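Following this message is one structure expressed as structure tokens.
When the chains are written out, they are named A, B, C and D in that same order, and each has its own residue count from 1.
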Amino acid sequence: MTVCASILHVLMALTLSPLLLGVINRTKAKFAGRCGQPLLQPYYDLAKLLRKGAVYSRTTTWVFRAGPMVGLAAMLLVIGLVPLGGVRALGTFPGDLILLTYALGLTRFMTMLAALDTGSAFEGMGASREAQFSLLAEPVLLLSLAALAICTRSMGLSDIYGSLHTLDSARWVPTASLAAAAIFIVLLVENARIPIDDPNTHLELTMIHEVMVLDHGGVDLGLIQYGAALKLWVFSSLLVGVVIPWQIGQPVLDLLLGVGGIFALAVVVGVVESAMARLRLVRVPQMLAVAAVLTMIAIIWALR
Amino acid sequence: MAVLSDLVVVLLLLTNLRLLGSSRIVACIQTVALQAVVLSVITLASSLSNLTPAVVALTLSTMAVKGLLLPWLLRRAVRGVGVGREVEPFVGFTTSVLIGGGLLGFSFLISKPLLVSAPPGISAMLIPGAMFTILTGLFIVVSRRKALTQVLGYLVLENGVYVFGSSLAVEEPLLVEMGILLDVLVAVFVMGIVIFQINREFDHIDTDKLSVLKD
Amino acid sequence: MMLWSVILIPAVAGCVAMVPPLRAIRRMLLLLGAVWHSVAVVWLCLSPAMTAGDSWIALDAPGKLFLVIASALFLAAAVYGLGYLRKEEGTATRGAEEGFLFRNEPEGIFIGCLLLFLASMSLVCICQHLGLLWVAVEATTLASASLIGFHRNHRSLEATWKYLLICSVGIAMALLGIFFLATAGRGHVHGLTLTRLISSATAMDPVWLKAAFILLLVGFGTKMGLAPMHTWLPDAHSEAPSMVSALLSGALLNCAFLGILRGHAVLVAADLGVFSGQLLLLLGLLSMAVAAVFMIRQTDYKRMLAYSSIEHMGIMAIGVGLGGLAATGAMLHAVNHSFAKGLLFLAAGNLLAAYSTKEIQDVRGVLGRLPITGCLWLVGFLAITGSPPFGLFVSELTILKGAIDSGHWITAVLYLAALGAVFIPMARHFLPMAFGSSGESSQNKSCPLEAREPAWSVVPPLALGLAVLAMGLYVPQPLWGAMREAAAAFGGH
Amino acid sequence: MGIVLLLVSIGVLVLGSAFCAVASRRSRWANQLGGVVAVAGAIPAILAAGHVLWTGETEELRLPWAVPFGSFYTAVDGLSAFFIMAIAVICGLAAMYGVSYMRHYAGRKNLGPSWFFYNMLFASMLLVVTARNGMLFLVAWEIMSLASFFLVMFDHEKEEVREAGWTYLVAMHLGTAFLFALFLLLSWQGKTMDFDTFGVPSGVASGSVLFLLAVIGFGTKAGFMPMHVWLPEAHPAAPSHVSAVMSGVMIKTGIYGLLRVLTFLGEPSTWPTWWGWTLIGVGAVSGIGGVLFALAQHDLKRLLAYHSVENIGIICLGLGLWLVGTSTDNPALAALGLLGGLLHVWNHAIFKSLLFLAAGAAIQATGTRDIELMGGLLKRMRHTGLAFIIGSVAICGLPPLNGFISEFMIYVGAFSGVTGSVTTGATASLLVVAALAMIGGLAIACFTKVIGVVFLGEGRSDLAKDASEAPALMRAPLAIMAGLCVLIGLLSPLVIPAIEPATRCLIPNSTAYRNVGGMDLYSLLWRISTAFVVLIAFIVGLWALRRRLLAHRTVQEAGTWDCGYAAPTSRMQYTASSFAWPILDMFRFLLRPQVLQQRPSGLFPEKAKFESHVDDVFRKYAYGPIFSSVAWLADRLRWVQQGRNQLYVLYIALALLTLLFWKLGVAK
């Protein structure tokens, strides 16, 4: 039963994750008073991209072509590692949170290389910023997960999320809420959402993620965008697992609950995006520093 | 007996003071010669009790070498080098004499613990006297400019040591005493040669100019 | 008989060499003297040890050790010297510093004094009577004076003059010390032979003994180059011809040290070993510190070597002062240091010949120009700084072990610190000389880029280098035993 | 059997090196010979190590050696064999590379000495890890330092190389001074310095003193952060295959020494906890500091050298966890920390040598070490570039390569400490987790910079534009090392048993690591291997998918899209300085970077320039001032020797009188 739920979760992640982007865009459109693009727009984009041919810069090498594939492959691996609330992950073992973090790192590594492979000044700039922010984001993510691990005295993500709510609330609520806040910030950073990055700006100088993929097109771009969608799903499920304060104990229902939570989170992101303006780049590290402090407090609380 | 030796020691002290006071090198040489005579007398006086031929021979040779040969050598050196007097030493002559007084007191001071456990039968003046002579020698070497004067200082130092040895120490084998004497003689001789050569190299023996080698 | 020949043969040869008409056989005499001496010494070492008894001349363990050192070093120096004299032969040489012409002293006197020097050093090593010891030490001073002044330019004359005056004054103190010893033993001891002094040491008067040792320490310390009486040493070593410098620092300083050891032995016998040991420790550490300080900004490589001799004399003093194991180490160190320093000074002679400068910054790229000398220079550097696998590593470590095992923590720490403080400037100065390309320095435009290295100039230092290496990799039991025996003479084990 | 093989290989190396020295007249021949000797020496050593690691039993051999306190007492146990394996493999491969690399100098330089010292270095390293006698160890240790010093001095015509050599030699010598003290204390009042007589001298010095001596003495060789200053100087100066050996295995002998000495310091349960804290602190500082300084470098080999400091830091973190675990009685923490640290020793040996060798090829192809002048090399040096990228992925600890495994084990150890009950363990573990995460992020930043600037994009100078691929003999070792990275990554459960003999020397009869958070370590590692296989499968699958999708489509070439700018040139690429700047700027308080920049000005700015430079702060602000102040003091003191005879005699007189006064108590 639980295994079916896990498989189901993976399938939903693979299928529904682009929908998250659609939801976010819709929410923003609603706030802006536009009717906005159809919910399924991301799917249409993907389908179109996958049908296209490719144009490669003479500067580029196999690294440029490998980037999107390795990135997506790593994301697929991660999907198999991440639990959703009560739903255990497909593959789980003690310390899988480390593999998860480092798989994300691999994605980042290859994306940056692919960007640098083009030799374009803009993409180099983007890669530089990505490096700067991610070197702060990665420890924050790891430490906030560590805080939860300490709280639950277990080392596997599925165990952590599974047993979190069984503890008495006094012990886990403060830690969990702080960790959740931190994870949310990391989510915004890693998925290039406002207020850190504007996914549909057209001013290369201000971009981070988008500028790194300027030169990709066709199939490669499709893979990248699908990867981005999966990434959003992963972070959302990490967050939802913490913030949804109860579990039914019935795996399938838990799954539905969790997925519901993820889409709710997408709406929240949309709201944030429409409510806030983009931060100046120099402010981003400070924001991450705040997140780091939050995790510190969370850990201290957990150790107490 | 002890009175006699005490008087001789006093004579020794006076020679030292004269050395400190006088600026004319020839005068100093004469004084050193006189000192040699004095200390050979001391030797005799201290070993009157058992007067072996060896001691006599030693005393005579000492007198000969230190009283005649060395002064003669030095005088020749003075003539050859052509310096009459010690001009502007590091320490003026009057001051030197005063310091000499100080040194005298000092030598009495450091002799005291030695005197406490000194072997019996020697005049209380002797150890301080020897000390004072040694210190005088050192002081002359330190405070004078001319190489020749420093040689004189060395001789005075040597005399001090000799006084001590010949009168205090047990009867040394003649061979050793002679060896010591010979060494002193050769030392002064070699120094004289070096002084000559230095003089030839840089027509003066002002040891001020002898400070090229340094760090 | 053999014992006497060790002194007399060189002495006679020396006197003969001074006779003007014999210029033909002169160098032969030098070689013969050296070879005979070493043969005799080997024979003495192999022959059963004689008991000192009450004789004035006898070969006890420490004497044997230092005699071997002196003999070996002299042989090397003599071989080197033959070639050197052949090169120096001729009317006039150009001074290294000011570059004016000067005339060397007559070869006869030089060779004669070399042999007399050997004779007097042998006498120091084998005489058992302190008065005689003093005579011999003073004789070494007089014999070596004219060796230092071989180049009769004013620098070397100045060095000679300083050497003569300072050492004579210092030695005079030692004589006073010896008389003090006699006085201390008055009524109990007659005569100044070591055996008597030691046998009746306990009966002597402690105050006089202490005073005597202080005088001996200062007096012979002047000759040995312990700070603060070391001042003559850099001048003399830097101005003397290189093989003379090698003899001075390898053999002469040891002889002076032997004088101190004799006094120390008496005090140890009188249970005042702690007192004399402390003084030795103090002066030893001071010497190492002084050496380090003056090496840092040194510009003249021969002076550099001289200061390193001061440092190593300090190390030996520390070893003896600590006593026990460390004393054995000190004996070993005496051998190692003499060979290493001899090697370095001879190599320095080659450098001086090739670059005609003593300035460190003008000597570059020796490995390129004089490959063998360059290697020797590096080997010597590593050896003298006590890196394995060279002998000094073993001896320095032994001394350190002695210090630590006997719980002299502060000494051990200071000793290690001083070793480090000496190593850094030495590396600073030695390495650029050996490495680099010889085009960098200013001076060597004058002389041909490919200077040749005749056998006489590399074989002796090479032999010494091999000796040091062997001492580091293999210290056979007999040798170690000899060291222990030598150290046992003054409370080592 | 094992020990005999080992001695055989040492003998081969020593003899062979002698032949190299003799053959130095014929440079090319000496070159071939040297390489052959090294490989010939490596094979028996590998067999020996393999044999001991397989049987897991200690083999020892005692021969007399006529040196005070010395004996030729050697033994190979698990720990030794573990290090021998690394040394032999790396030295052998590096030698293969070196033969081809040095051929380049054969005309100009005499290669005999260089190979002599290379093989001596190899032999001495083998001896260091097998010696069981203080004298033997110290001799081998110093020969190792000296041989590597002469190798560093290979290019001694260059001023900076001589400077580097001096720094290296001085650092080694000072470090060794601490080892003297350490060994003499361990063998306190012993007649011999055999290791089996070693122990804490009770009442003389506490174990903590010895521990600190060991950390300083061996840390200098290993490159712990405050003592690391020689490392970024020496490694760039040496020829690349030497840098590979020095950075890959030689600095690990420091780790070996530390571990070996710890076995003399009594019962592990009695070790104070702060030892572990010390190592963790050192590890965190070295790790983060090393990678930060690396990020700031433009000299490729200097950059890699700083990464060695970083990885030594990671190893240190693992060992620190081990110590904390032992002292707080947390076996899982201890075992995993140790296993991770040791595995990282191997891993770092492999991928750091790989990186150095690949870098060497690039440097020889371009003729410069400045990465700002390289670029686009991947197109001209396909294999070398690929090898370098694999090495980078490994050193960043990214899946699916070996770097991840060792870091993962340290992480898991730390987490098991966090989720454990003892809080001291937990705090330490959290520090480790934080540090590792920080290091990971920075390493990724640094290596994307290097790869991007050196191998990707367009050539940034003519030097880079006409580079050509390295010869096969140089590429073969790269291939082997890269293969090892992948193998260890995928088959980690099969590698760990090879490390267990080593751990057994340090944690006797402990099977704690068999239980990690309620799972057997091996099955855990198997899961990771599966995950890696899955990852690779995904990649392959996606690659196939992409090929099918692009099969009938048009794939065309064009210029890089530069936002409408028509004629992009290679000079418009993002420079390394600019790439690293944001991060350097974040840490400017520590790095104190000097910016050399010329802002564009006017309507039509002619040229603009941005360059950042970072000195080693420890060298510049700590050691430099000390040395110069000592020199200043020495200058002040020189008047003592100012040439006046009178003054000199005065010294004598004063010395005499003072001693008389002081000792005879005349004063009172």
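Everything below uses one rule, namely that contacts are C-beta pairs under 8 Å (C-beta built on N, C-alpha and C of every residue); 3 or more make two chains touch, one makes a residue touch a chain.
A quick note: this is a predicted structure, and the numbers were derived from the prediction, not measured.
Listed by label, the chains that touch chain A and also chain D number zero.
Between B-C and B-D, more contacting C-beta pairs join the chains of B-C.
Averaging C-alpha coordinates per chain and comparing to chain D, the farthest chain turns out to be B.
The distance from the centre of chain B to the centre of chain C, each centre being the mean of the chain's C-alpha atoms, comes to 31 Å. Taking each chain's centre as the average of its CA atoms, chain A and chain B sit 100 Å apart.
Chain centres here are Cα means. That of chain B falls 69 Å from that of chain D. Chain A and chain C have Cα centroids separated by 78 Å. Multi-chain contact residues of chain B, defined as those touching 2 or more other chains: 113, 138, 141, 150, 207, 210-213, 215.
Within chain C, the positions touching two or more other chains are listed as 161-162, 165, 169, 207, 211, 234, 294, 297. Of all residues in chain C, those touching chain B in their complex are 129, 131-132, 134-135, 138-139, 141-142, 145-146, 149, 152-155, 157-162, 164-165, 168-169, 172, 175-176, 179, 182-183, 185-187, 189-192, 205, 207-208, 211, 234-235, 238-239, 294, 297-298, 303.
Across the complex, chain C is touched by residues 66-69, 135, 138-139, 142-143, 146, 153, 156-157, 159, 162, 165-166, 169-170, 173-174, 177, 180-181, 184-185, 187-189, 204, 627, 630-631, 633-635, 637-638, 641, 645, 647-649, 651-652, 654-656, 659-660, 663-664 of chain D.
Partner chain A is touched in their complex by these residues of chain D: 375-376, 378-379, 389, 393, 396-399, 404, 408, 411-412, 415-416, 418-419, 423, 426-427, 430, 433-434, 437-438, 440-442, 444-445, 447-449, 451-453, 456-458, 516-519, 524, 527-528, 530-531, 534-535, 538-539, 541-543, 546, 549-550, 553-563, 568, 570, 572-574, 578-583, 586.
Considering their complex, residues 90, 109-110, 112-113, 138, 141-144, 150, 207, 210-215 of chain B touch chain D. Residues of chain A touching chain D in their complex: 50-61, 63, 65, 69-70, 72-74, 76-77, 80-81, 91, 93-95, 98-99, 101-103, 105-106, 108-109, 112-113, 116-125, 127-129, 131-132, 134-139, 142-143, 146, 149-150, 153-156, 204, 214-215, 218-220, 223, 285, 299, 303.
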